[in-house]
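Structure first, commentary second.
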Amino acid sequence: MADQWLETLITATPQAGYELAITLSRRGVKYTQPDPEVLHKLRPEYANSADALTAASQVIAINFQTVAAANNYWRK
Amino acid sequence: MADQWLETLITATPQAGYELAITLSRRGVKYTQPDPEVLHKLRPEYANSADALTAASQVIAINFQTVAAANNYWRK
Amino acid sequence: MADQWLETLITATPQAGYELAITLSRRGVKYTQPDPEVLHKLRPEYANSADALTAASQVIAINFQTVAAANNYWRK
Amino acid sequence: MADQWLETLITATPQAGYELAITLSRRGVKYTQPDPEVLHKLRPEYANSADALTAASQVIAINFQTVAAANNYWRK
Amino acid sequence: MADQWLETLITATPQAGYELAITLSRRGVKYTQPDPEVLHKLRPEYANSADALTAASQVIAINFQTVAAANNYWRK
Amino acid sequence: MADQWLETLITATPQAGYELAITLSRRGVKYTQPDPEVLHKLRPEYANSADALTAASQVIAINFQTVAAANNYWRK
């Protein structure tokens, strides 16, 4: 995966930080399974399972901890 | 998801912080499965499963760590 | 859930902090499934399962991290 | 659970801290299922399952993070 | 495992830090199951399972927390 | 378990720290199931399961967070 996709953890707003946490979570999946066709086929498996959606939200929450700390919680 | 839903991690009280952690947890699900109809159909699947409810509480706990740290634990 | 249940993360002792972590963990369940009858019916499902009890202890452990940090670990 | 079982997070050594983390993990189970007979019956279910033992070790690891931070990692 | 594979947690960029987090996650697997043939046989089992990919992403997220903190979040 | 196995969290290198995190993870299992014969019988169950190996790597990642923080991330 030669492309550059993560230049900084700093974001302008908490919401942009949350969305960066989503990107980080998806990248963890893509590094493990880089084939976009396989990922596309797996999509209904998790997008229609309550357990899988909760698990996805948990990974985002863990990454959001990192991004929020990096931004000093966007405190003024 | 163009709407703005997260302007700050700062809340007036710990309870408001806990409720923000719930919002963060639900958003993680909605970003992954944005279709409200699918989410509605999945609701009984997790709201009636002890394991799923514990998992939901765990995601909230992780997000609450972030919100509590952002608020310096609401120490006086 | 209009009632006020979380006024502070500060507790007098580590044990009171651990018990607050239990409260936080249970609230995460109640916010997701507010019907007390459903919760009552689910109780045997998790109280008699080793996996479910370990999962419950894990959520408490995560919330205890937050409460302990808030109290500066009750260091003298 | 009226007894007092957690007076401090401070321990003399890292190993005593690890053992306190085990105590914390077991208490999380006991608060959820206080009946010692049920707990006794569940024991073979998790003590003979690789997944359950890994899950138990994970809860200990989370509690050990808390105890280690409380002790400033026993740095000299 | 006599070889040296981890000399520092410091990386030049956040992306290199994320990739180090992937290395750390894979090493955790290899220390537990060092036989490359077994690992090769297990690959389709997790690379084609949405749940397994989410779990892999979660381990990366936890290791990324460590690497990001080590690098002080690559703040300028 | 009377023997002394954890005298310090301080290690000379990050790799030694990672290996200490593995020790901590295995000890969590051994405290819960001290019988070496049972542990030996369980070994194929997890060493040949992708899910179990990922879970093992996750426990190591959590313990590595603790060890890395204790060592101030081995920053020079």
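All chains are identified by letter, namely A, B, C, D, E and F, in their written order; residue positions are counted from 1 within each chain.
Here, contacts are C-beta pairs under 8 Å (C-beta built on N, C-alpha and C of every residue); 3 or more make two chains touch, one makes a residue touch a chain.
What you see is a predicted model, and the numbers here were worked out from it, not measured in a lab.
Under the contact definition, chain C and chain D share no contacting chain.
In summary, the chains found to touch both chain A and chain F are E. Centroid distances from chain A, each centroid being the mean of CA atoms, peak for D. Centre-to-centre spacing of chain C and chain F amounts to 27 Å, using the average Cα coordinate of each chain. The geometric centre of chain A is 16 Å away from that of chain B, both derived from CA atoms. Averaged Cα coordinates give chain A a centre that lies 31 Å from the centre of chain D.
Each of the following residues of chain B touches two or more other chains: 46, 49, 51, 55-56, 58, 62, 65, 69.
A ring topology is adopted by the chain contact network, closed into one cycle in which each chain touches exactly two others.
Remark: ring traversal beginning at chain E, heading first to chain F, gives the chain order E, F, D, C, B, A. On the chain F side of its complex with chain D, the touching residues are 4-10, 24-29, 31-33, 38, 42-43, 45-46, 49, 51-52, 55-56, 58-59, 62-63, 65-66, 69-70.
Residues of chain B that touch chain C in their complex: 13-15, 18-19, 22, 46-51, 53-58, 60-62, 64-65, 68-69, 73-75.
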